[in-house]
Each structure stands twice: as C-alpha cells, then as structure tokens.
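Once you scroll down, you'll see the structures, which are given as structure tokens.
Presented sequentially are two complexes of chain A, the first with chain B as partner and the second with chain C.
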Partner chain A sequence: MFSISVFLESFGPLFWAARYTLLISVLGIGLGLVIGTLICAARLSPYVWLRRFAMLWVSFLRGVPLLVQLLVFYYTLPVIGLDVPAMVAAVVTVGICASAYISEIWRGAIAALPKGQAEAAIAIGMTPQDVWIRVILPQAFNLSLPALINELILLVKASSLVSVVGILEITRASQAQAATTFRPLEVYIAAACIYLLINLCLAVLGRYLEHRTAI
Partner chain B sequence: MDWSILQQYGPGLLSGFGTTILCWLLGTVFGMALGLVLALAQRYGARWLNRVIQVYVEIIRGTPFLVQLFVLYYGGPLVGLRLDALPAGLLGLTVYGSPYFAEIFRSGFRAVPHGQIEAARAIGMTEASIVRRILLPLGLVSSLPALVNFSIILTKETVILSIITVPELMYQVQRMSTETFRYLEANLVLALFFWALVEAISNAGRWLEARITKHLVERT
Partner chain C sequence: MVSASSVEIRKVNKHYGTFHALKDIDLVIPPGKVTCLIGPSGSGKSTLLRCVNFLEEYDSGEVLIDGTMIGYEAPGKKMPGRKLREMRRSIGMVFQQFNLWPHMTARENVAEGLIRVRGLSKSEAHRRAADALAKVGLADKMANHPSRLSGGQQQRVAIARAIAMEPRLMLFDEPTSALDPELVGEVLNVMKTLASEGMTMVVVTHEMGFAAHVADQVVFMEKGELVGVDSPDRILHHPEDARIQSFLRTYHERNSF
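So, the complex of A and B:
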C-alpha cells in the first residue's frame, strides 16, 4: 500500500534534481528567446528566402516530437565532430525547439499591436530602427509575457524527456530512486508533486504579469 | 544505402506505424469523450464536482506526460492496477488528453450565444434536448480548430509511449537502430516521417474545418 514515509523521503533527492530541471528550462527558454527573435525577424523580413527558411524552421520543429529531435541532435553531434556534454546538448535542443514556438508568440504579439502605433511613430519622424526598438518590441514583449510564461511551463514539462539522454533531472532522479526503493508509485507521485509545485508557481507568476501588464 | 535493412525491419516498422496510428486515434477519441463528459459535468454538475474536476485538470496539466505514464505503468501494480504496456499507454493518453479537451469544450460551450439557450428554454425544450440540439452542435463547431490543434499535439505525444515499451513506431525505430548502429539515419527518417504526418493531419484538419463551417460562411 501507499507508504507515506517513502513518499516523503523521496523529496530530498528529487528536490536536488529539480535544480537541473529548472536550469534546463530557464536556459532553454533564454536560448529560445534569442533564436526565436531571429526567426521571427526572418519571418517578417522582406526577403523571400529568409521568410521561407523561417517558415520551414517553424514547421519542422513544431511537426517533430521533441523526443525525436533530442535523439537526432544527440546523435548528430558526434558525427559532425562536436563532443559536448549531454547537458549542453539538452539545453540546445530544448532551446531550438522552443524557438519555433517563441517566434510564433512574437509574431502574434506584433500582429496584435494596433497599426496606428507604428504609423504614428513614423509620422513623428522616427527611423524604422527606432520604431522597432522603442515602439513595437517593448509593447510586443509586454503583450507576449503571459504566453512566454506558458511556454516556460511547457518546457518544464518537456524537460522530463531529457532524462532519456541521461541527465539527472527530476524524472531521471525519480527513476533511480524508484529502482533503489522498489516503490515506484510513491516516488513517481512525489516527482509529479514537484513538477506540479513548479508549474503552479509559474502559473501564479503568469497571472500576476498578465494582471500587471493589462492596461 | 543498404536496402536489405528495410526488408529485415520493414514488417516491424509497419506494425509500429500501425500501433502509432492506433494509439493516436484511440487516445484522441477516448480523451475527447472523457473531456466532453468532464466539460458537461462542470457545466451542469454540483459545485463540489466542479471543484474536483478543476483539481484533476490542474494536476494533469501541471505534470509531464512521461511522469504520468510512470505512475500508471510502474506505480499501478502497487495498488493492484496491472496493465500491459499498450493498454497502459492508451489509458495514459486518454487521461493526459482529457483535461485539455475538457477546457476546449468548456470554452466552446461558452461561445454559444446565451440567447440561443434562453430561446430554447422559452419554447419549452428540456435541458437534455437543449444540450443535444443546441449546446453540442453549436459548441462543437466553435471548438473545432482547437480540437484539431490538440489532436496534432497528441500525435507527437505518442512517441513518449516508447519509453514504457509500447511497440509503436519510435520503439521499433530504436530497436532497429540499436541492432544496426544506424542511430542518426533512423532518427532522422523518423523526424521526417513525423513532420509529414503532422503536416498531413493539419491539412486534413483545415479541410474539415472549412467544410464544417461552410454553412456559417455562406449565410453571413
């Protein structure tokens, strides 16, 4: 039957492993933001080849399961002669995958801005660069904050998949814990509780930001 | 390229493909059915039931699918729930999808104009026939795009079932690649395959949407 003591004892090692889950998710979304912004810029650029490339990028990364992407990336690295730690490979894959979603979030936020904003900025004589940096992007960022938090929640959950390439985050740690205690039920429920805790905190943060940025 | 590999592993890959499609279809159908029940229960059920469903939705949406599968497949036997990999995977997909589908249906129902329901009540329709003849048809049409979208997400989630040894496509490909040491090629082909599958499903979804909402476009 359900053993409360095993359940409570599993929290120690799992909380320790939660740092890696958080690290991968946060670095992943950081990298995703950088690449996603570039992809979004390519998508909105006047050059047709750049736009095509961005469309292909988004469609491929959104069409292929993250687990498959992870394995492809993981096995590609040695072939092209790169010997990086599994952790780096995981962060890069998660980041690349997130970039596709983030570029779409950006695109949606930019499209949601009233046209008058950019027109007014041009009318008072701002350069196109100023229009983007001082008018469009700051507002788009505010608009997209809740969606970005949502993406972070998705990444926390998706990071459970990097356990497959051997990174000791929550899921991998709970597998090890389940193997040593022979009590998978308690251990995996404890792991689920930690994920739930992280995601509920993020959801509260998202609601707060949504409330704050609503004008 | 060595084509004899295909001869050797072709049947396995084909059956893996079949299992993937089976898991996806059944998972989507069962998940949708459970989601619909949850959404209706939230709309018409008692307040405590509503609370219980909300907690269920939060728990399932707040935890990774992989961990849910582990609880079900490895933890289940400890409470007497002994399932083979495939039924466990199907149950897992159903449970995982249901809260997302429930939320989709819930917002679809909210999009039904209140006047329609009031009018139905005014002409003396029973609650049951209002659900059947007003709420469901109108609500389902407005939730269609989101339904298609989420079933596409479920296609991609089916690969996670390979981790609990459901013999679907990813599992077969991994087996093949560990025997042939062709990890990169095998996974690359798998990626291209899923890309094509997802594109095909989303095109089919768009076609279905256009077809089902045709009457709305014509009349306005």
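So, the complex of A and C:
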C-alpha cells in the first residue's frame, strides 16, 4: 500500500537537500555562462588555434557523459595532489560541461542576428568591443533566453548525477531516505515532485523574462 | 553647417573570388553635392558605396576622403583600427534594411554613437538625439522601439542616427527600397532637406525621380563598370550609351500602366 504519511514526511529532508541541487545548478550555469561566453568568443575569433581549441572543447564535453566527466574529474584531483571539496568539484564539472552547450547556444543566437546590426555600429565608428557589448550580446542574450532556461532545467536534472561524488542533493538524499524507511516508492515520488516543482518555477521565470525582454 | 567632404575614387577594383565586382572605378564626388548611383541589380553600386566607408574592402586602387585614403595607409597595408574608426566617425551611413538596434528606443539608437563614439555625457547625447529626431519629424516617437515604428519612420530614425554624429559625408544604400510605396516620400523629403543644407551625399537608388530632381550628378554602373557620369538631365533624359538607354527603357516599362 502507498503510504501517504511516508510520502509527506519525505518532503522535509528532500527540500533540505534541494538546496544543494539548486546551488549546483545555479553556480553551474553561472560558471557555464562565463566559460561558455569565452569559448564562443574563441570559436568566432580570427585566430585559427583559438577556434580549434574551442571546437575541441565543445566536442569533447558534449561527447562524454556528464557522469563520466564527474568521475574522471573527481578521481583525477587527488592524483594531481589537489584536495578539493566534493561540492567544488561538482560545480566546476557541471559548469564546464554546461559551457560547451552554452557556447553553442550563443553561437547560434549570434549567427541569427542580421549582419547589418553590427555594420550599423561599425559604420558610426564604434570599437569592436562596443559593437559586441552594446549591440550583439544584448540581442543574442534575448534570442537565446529560451535555450538558456532550457539548459538550466537540464542542469537541475543532471545535478542528480553528482550524487555519485557523495553530495547529499535530492537524489542522494532520497536514496538514503528510501534505505532507512524501506519505502522507495513514496520517497522517489516525493523526489520527482520536488524536481518537477523546481523546473516548473524555472519555466515560469523563463516565460516572465522572455516577456520582459520582448521587443 | 560643418564643412562637407569630397571623395575621390581612383582605379578601384574589387573581387569576390573569381567574380570581378568593381572594375577600375574612377569617380570624383564633389563636396556639398548629391551624387546618385544607378544601374541594374548586381552592377556594383552598393559595393562601391560600401568601399567609401570601408565596410567593403577594395583590393586595389584608392578611395580618398578629403585627400586621405580610407582603409589603407599604403597600397596593401591596412590602416590601424583606431584611425579607420576616426575616419568613419565623419561618414554617416543609411542602409536599405534600416539596421536600427531593436533593443533600444529611437532616442537611444540615436544617442548610442554620441555616447560611445563621441564620448558625450548621457544627458547631452539624449538632448542632441532629441534634436536630430525632431529634425526628421519624429519628436513624438522618441520613446518607441523600432518594432513600434513604420518602415518610413524607422528609416528616418536611421537618418537621425547618422546626422546626429555631424558627418561631413552621407552614404545612402538604397534607402527606400525596403519601404512600402506610400512611405517612400517621407524619407526622400528628409534627404532633400539634408541635400539643401549642403551635405555631401552619395545615394544608391532606384528612385529615378529623386535622381532627376535632387542629384547634381548621376553615375550609371553596369556589371562592375562605371558606364557614365553626368548631369541628371544628360543621363536620364538624353543618354548616349546604349546600356543606359536599355536600362531606362526597362525602368519606364516597369513603371507604366
């Protein structure tokens, strides 16, 4: 029989664990945005070596599962003598992985802008930096908002993978909970509800931002 | 009125791969005058115009703005970006597709260059932007984003954006070709005012009426070659070259009903 009380009681500890899920996802996407922007800039740069590096970066990180990346990164650190908390390792790995996707999102949005947008800025004598900061990136950001929100939602779900390096986020917490209560069904359904709730909130936030930046 | 620039184009060539887009173009654009470039599509008019502010890089020859070559310091040696930007600052350009920045209001579009390029304070830039917009008859549309403006209004904002920078030369690349017919007049009127103030203007256009009435000289191009340069009357009403005659015949046939 499905026990409503076990189901409801699971929410307490799982909500507590959701802090880590959110922290990893938000820091991950933040780091991913920074690195992804740099990688995108490298990809579009006139220097062939930078372009090649960016292409390698993207194909490697998109081609290897995040779970494997996490394990490789986590077990490489001690080998090279770095004692890094699991949380930091998790955020860095998630952020690096996200950077590959985000750089491609940027690239697509930038390619979608009419060439005349930059030309109008160049024609009045703007510096290349100003052309990027004032004209291209703000528009590319608006264009890519739906894709970025999508990426954030994917990260929230992918963050369940960091349970393998021992972080007590939603998935890991529900495994522990299931083991102590012997009620896996109730606990995992509760976990599913929390993921769904978080992602619905993100979708609403995305809709709001899109509406606000619509022109 | 600030002084108007002159342009001298000498033996300019441009290739796209194996396609020879501009063939040994020689042309003098006198200061304070309106020069219209006409000719069939693909004749190189726009390419030539874009060489004048070096949005298009020419392969050989020289484009001189008030005697200074734009784009190159010497043949084959590119000019540093800073110097090129300095030259572009006094050359306004208006595009066929307007190219207003959609994330800024009309006023912000005009003020942007004043702030970033001319280094004016935000308040001063916005004051001048308001003046420029009033000049093109859009004082009441300053707070609108481009998406809330008609094509003709957008193009007038684009003209305001260019003239706010106080250029000495204005380039127009088919400024009315993307407009609905009933909106063409308002843009041409703004251009006429500008011409009457003594601005040097180079206009790529299919508006033969504008060329006939406003231009001081008309240039006819075909297949990357400069076929004729003369007064509007001689090019448009008494052309001697068969290529110009044939172009005008097609034009009149298309516009008669």
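Just so it is clear, the second predicted complex is superposed on the first by the 215 of 215 C-alpha atoms of A that agree within 3 Å, B and C clash if a C-alpha of one lies under 4 Å from a C-alpha of the other, contacts with A are read in each partner's own complex, and residues count from 1 in each chain.
Here, a contact is a pair of C-beta atoms (placed from the backbone, for glycine too) under 8 Å apart; a residue touches a chain by one contact, two chains touch by 3 or more.
It should be emphasised that the depicted structure is a prediction, and the values quoted were computed from it without experimental measurement.
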**Message:** Quick check on the superposed pair: does A:Pro46 touch chain B, chain C, both, or neither? Answer first, second, both or neither.
**Reply:** neither
**Item:** Touching partner for A:Tyr195 - first (chain B), second (chain C), both, neither
**Value:** first
**Prompt:** A:Pro114 contacts which: chain B (first), chain C (second), both, neither?
**Reply:** second
**Fill in**
Of chain B and chain C, the partner touching more residues of chain A is B
**Message:** Quick check on the superposed pair: does A:Gly81 touch chain B, chain C, both, or neither? Answer first, second, both or neither.
**Reply:** neither
**Request:** Scan A:Ile122 for contacts with chain B and chain C and give back first, second, both or neither.
**Result:** second
**Message:** For A:Gln139, using the defined touch cut-off, is the partner it touches chain B, chain C, both, or neither? Pick first, second, both or neither.
**Reply:** second
**Item:** List of chain A residues in touch with chain C within their complex
**Value:** 114, 116-117, 119-128, 130, 134-135, 138-139, 142, 213, 215
**Request:** Using the touch rule from the top, collect the residues of chain C that touch chain A in their complex.
**Result:** 53, 55, 81, 85-86, 88-89, 91-93, 95, 97, 99-103, 112-113, 116-117, 145, 147, 158, 161-162, 165
**Item:** Complex interface listing, chain B residues touching chain A
**Value:** 58-59, 61-68, 70-71, 74-76, 78-79, 156-157, 159-160, 162-163, 170, 183-184, 187-188, 190-191, 194-199
**Request:** State the interface residues of chain A toward chain B in the complex, per the touch definition above.
**Result:** 1-2, 59-60, 62-69, 71-72, 75-76, 79, 153, 156-161, 163-164, 170-171, 174-175, 178, 183-186, 188-189, 191-192, 195-196, 199-200, 203
